[in-house]
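In what comes next, subunit A is part of two complexes: it sits with subunit B in the first one and with subunit C in the second one.
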Partner chain A sequence: MEHYLDLLSVLMLLTAIMLVSHKRIRSYIRTFRLQAVLIAIIAGFMGMQSLVNEGSFDILVICAIIVALKVVIIPMLLHKTFANVEDVVEKDFYLNIPILILMSCVLVVFSYFTLSGISALNEGHVNLQVVNAFSVILIGFFFMISRKKAIGQIIGYLVMENGIFVTAIFSTHGMPFIVDIGIFIDMITAVLIMGVMVVQINDKFDSININNLRNLRG
Partner chain B sequence: MGLVLWIAPLLAVALSQIAKRARTLHAISICVSLLMLVVAGFCTHAVMTAGQLTYSFLNHLFLIDSLSVIILDIVTAIYFLTCVYAIGYLQNEVRHGKIGEEKLRLYYMLLYIFLFAMVLALTVSNIGILWVAIEATTLASAFLVGFQNNPNSLEAAWKYIIICSVGIAITLVGIIFLHLSSVDVIQSGDALKWNVLLSEAKNLNEPVLRFAFLFIVVGFGTKAGLAPMHTWLPDAHSQAPSPVSALLSGVLLNSAMYAIIRCLTIVNVNIGDSRYTSRILIGFGLLSVVTAAIFILSQKDYKRLLAYSSIEHMGIIALAIGLFTPLSIFAGLLHMMNHSLTKTMLFLSSGNILQKYNAREISKISGLLKVLPVTGPIFLLGLLAISGTPPFSIFGSEVNVFISIFDANHPWLGVMLILLLAVIFAGIAATMFKIFFGDGDTVEMQAGEINLPGAVVMGILLIVIVVTGIYLPDGLKALFIAAQHIILGG
Partner chain C sequence: MATVTYLILQIVMVLLFAPLVNGVIGKIKALTQKRTGAPVLQLYYDLYKLMRKTAVVSDVSSWIFRVTPYIVFATALTASLMVPVSVEILPAGNMLSALPGDMILLFYLLALGRFFICLAALDTGSTFGGMGSSREVMISSLIEPSVIVVIFTLGLISKSTSVFSIMASMAHSGTSFVGPVTILLFLAMLIIVIAETSRIPFDDPSTHLELTMVHEAMILEYSGRHLALMEYGAAIKQLLLMTLMVNIFLPFDLLPTTGSGAIVVALSLLIYLAKMLFLALIIALIEVNTVKVRFFSIPNLAALSFILAFLGFMQYFVLGRS
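What follows is the complex of A and B.
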């Protein structure tokens, strides 16, 4: 069982690094969906475990919500938003891709060294699942600041959120149920609002390049 | 009774959807805000007699004590006053064609959700739900910031939602670690409740808790406007409609600070010493004051000036709370109240100025005392108050902060802070000279107020900040002292 979870956490980390290497918005969305599927599987595994051990359905319900929300609805919303804005393929990152990937790897090493010092997290050996999940948060953050397009920032935010969810599930077997529900409601609202704003930005600035957003300074 | 605080705003959302005329919308808004104020008064009374107010519903999800009640009172009072002001403000906007009448409904709906989220954050016992509520305030107010729907306000709204969402996501990492530190100690039904965490604080896992606190301060600090995570604040506060700016500055920043204070107490009780949290909060606080001082000196836009002044005052509050002596905590809480009231008054008057002159630049405003006979003097006195001149209340709490700093044996810190506040005073004074004693070469303006109820609201605020600057009622003092004991962990 543990080996499957290890494998899944590594795969999830790989999808995050894959995302950093993409150039087109359509492939961002595809990779995000792949990552969401992996998270749903992780939640499914953990849910089965807690159903067998404690008889609670909470994590399985969360798993179902993830499938509905992150695998189906959010990618659909993103596609819709993307269809509404002008599609110009341009170089939309500040550094080239090999450097971005290299820096993502540095982030993984960084989170390994940060988390290996916390004894409550690691029983005897370093808990690599949490390290992988935590790296996904950092890579999502890094992705946000490395892209110039507004949609890239939304995806980065969602990847961070994915990483946070998996960190929670690996380190504490999930947050209290009611909190998780609240987080999902907030997340879907955030994506809706950001989507509307991207369309508005496209109308007002004629592109979704956030480098144009620099009127307010000082 | 306390649950009315949750139900009333949600009911108002529904009512505002059915209301047909602008007048009905305004009436609902006044009724709801007045109701909230009355219920908050009731809660204050209950907390002062019993110490805590809670209901068994949903495993004691609703829980308030003196600390939350102080901030709850600030929220409801300022919300009520801005609602009165907003009627005149919105009518002017509609008359000038800045917004269509149909957008009023959207405005009020978002405002009620904003209010609900803020009140939820203050009255809930679960830190996870508190997180959800604070994130919801961002989402509800993002469109309010971008309400004018021009490129500048859109830019501000985008920065606001992205920076605050990421900041808040970082907090969530902290809350996960907070949860992790308590997993072995607290049963799953009581997980993440601040009252349970506090009573079990000694048994929590210390290294994890320290780690968690860093994330929580950075995340909620983003929302509270602490430098260097403050970058959304000047944009959002200057681009939002003035009643919303007043709410963001006077109310929202406090709610985020409240969340930091809750976690701070748990961490300090656990470690048994406040040095760790002191270093973090004093660092962020001092950096905020420095940043504000630099930007206030070179500011060309009066609403941005006020926004930077909010960063300054949140910095002072963080510093005072971080110092963690009884006096500094008392002063910090008092400063929170004083700053909220004064800053609300200033943002409301800046709304009148903006509507009258139709300009944001300090250089385009002159002869204000003549053109706006009520707003002008209030704005002048407000600027004096916010820069810490007696007899206004901010002077009182700032003096208390200084005394506590020197008492706690940090002379260099006190000297540095005094110098920075002097710089800020100079910056604001320079602005004042330009606005009030300009040579008046602008186009001739017709003198006269444009929002009379609004002017009355500002007058009330002015009286309050003068009176509390001289005399603090005993009841209020007792409430602050009770909150101070809670923060100290006792």
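What follows is the complex of A and C.
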């Protein structure tokens, strides 16, 4: 059981690193969807565990919400938003991709050194799952600041949220139900608002490059 | 005596099945594209035909050009002796330590062959040769860090860098590639194998388009039996790397039966062929589903491979759990 959760957390970290190496909008959305599937599997595992041990359905319900929201609705919304925005490939980065990949590896090492000091998380050995999940938060944040297009910011935000959810579920075996629901509703609202704003930005500035937002338009 | 049997069996298996791998991968690719494709045995026919033809050697070339095909073939065949097609074909026990062959020696024997291919490509002074060898050297130097990290991580896991010990310890512990550490090493190794055998995201083996070819550009000047030896050497190298991969990451050939030796060996060879078919399927599907990347995007894949290997190392060594 622990073995499979370890494997899933590693795969989730892997999707985050794959995301950093992509530069097409469709690949971003596809990789995000893959990550969401992995998170749903993790939540399903945890949910079955808590159903057997404590008889509570909470995490299984959350798993169903993840499948509906992150695997189906949000990728669909993103596809719809970016269908009429012209750029499909990101061409310029602040750093080139190999360096971005190496930096995300440094982030994993950093999160290991940060988390290895917290003795409450670690029972004798360092908690591999929490390290991987925490690295996903950092990599999502790093992805956000490494991309110039608005889609990068949205996907980075969503990946960060994934990381926070999985860190929470690995370290506490499930947050209170109402907190998770609140986060999901916040997230879908954020994606809707950002989608609307991207279309607006694209109309006003003819591109979604955030560097152009420094220019003033009357 | 056992060593002699092993060597004979190993050489026969390698020589017999090396050209088949290309045929199988080509056939799978053709079937996924709804073509009939070349027959599975195509490379055997090609090699047979090329062997009977005289080799044309440019008169401005030096001895390096003439000696390279033999070096490439010899290094590939020597290296393949270190990678048993099945751990069952060696009798267990005291023989384990007797089989020499270190992972590092294995990869640098292959590098020796590559070094001579690059020299021979420069030797004739053709522009394609120079271009091809410069690209080949770039790819191989980019992929080398991840090769080293994968070797050392596997060495740490099985407490030895001998190829046979690594395979045997993986088989005894029963770890397949579905594990937190091994999945990372498996994917890193997959990228390494694709790069080393010059397959699609890195190089396209089926084209002679001057803008993209890497391996083909280097052997462009060869003909006749020299070309046959080069092709055969490349096929053996490919079989060797794939064997390394299936026997380390899919170690299911340790049979529980204690029947007579010959039956166990035959069964394990059949399992070996099935595993190779599985890996060939993976590689063929990757080839169908991706395009050859732009040459300057190759560092991305190499960096990804290195990161996978490094994370595998970290998850094993620093986090102390496999």
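Keep in mind that, in the parts below, the second predicted complex is superposed on the first by the 210 of 218 C-alpha atoms of A that agree within 3 Å, B and C clash if a C-alpha of one lies under 4 Å from a C-alpha of the other, contacts with A are read in each partner's own complex, and residues count from 1 in each chain.
Here, a residue touches a chain if its C-beta (ideal position, glycine included) is under 8 Å from a C-beta of that chain, and two chains touch if they have at least 3 such contacts.
Keep in mind that this is a model prediction, so the values were computed, not measured.
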| item | value |
| --- | --- |
| Superposition on subunit A - do subunit B and subunit C clash or fit | fit |
| Touched partner set for A:14, first subunit B, second subunit C, both or neither | second |
| Most subunit A residues touched (candidates subunit B, subunit C) | B |
| Subunit B versus subunit C as contact partner of A:144, first or second or both or neither | first |
| Contacts of A:95 with subunit B and subunit C, given as first, second, both or neither | neither |
| Touched partner set for A:104, first subunit B, second subunit C, both or neither | second |
| Smallest separation in angstrom, by C-alpha atoms, between subunit B and subunit C in the superposition | 20 |
| Contacts on subunit A seen with subunit B and repeated with subunit C across the two complexes | none |
| Partner subunit B, residues of subunit A touching it in the complex | 117-121, 134, 137, 141, 144, 150, 153, 157, 160-161, 164, 167-168, 171-172, 175-176, 178-179, 182-183, 185-186, 189-190, 193-194, 197, 200-201, 204-205, 210, 213-216, 218 |
| Subunit A partner contacts - residues on subunit C that touch it in the complex | 178-180, 183-184, 187, 297, 299-300, 302-304, 306-308, 310-311, 314-315, 318-321 |
| Sites on subunit A touched by subunit C in the complex | 3, 6-7, 9-11, 13-14, 17-18, 21, 96-98, 101-102, 104-105, 108-109, 112, 125-126, 128, 131 |
| Residue ranges of subunit B touching subunit A (in the complex, touch as defined) | 126, 128-129, 131-132, 135-136, 139, 142-143, 146, 149-152, 154-159, 161-162, 165-166, 169, 172-173, 175-177, 179-181, 183, 188, 191-192, 205, 207-208, 211, 234-235, 238-239, 295, 298-300, 304 |
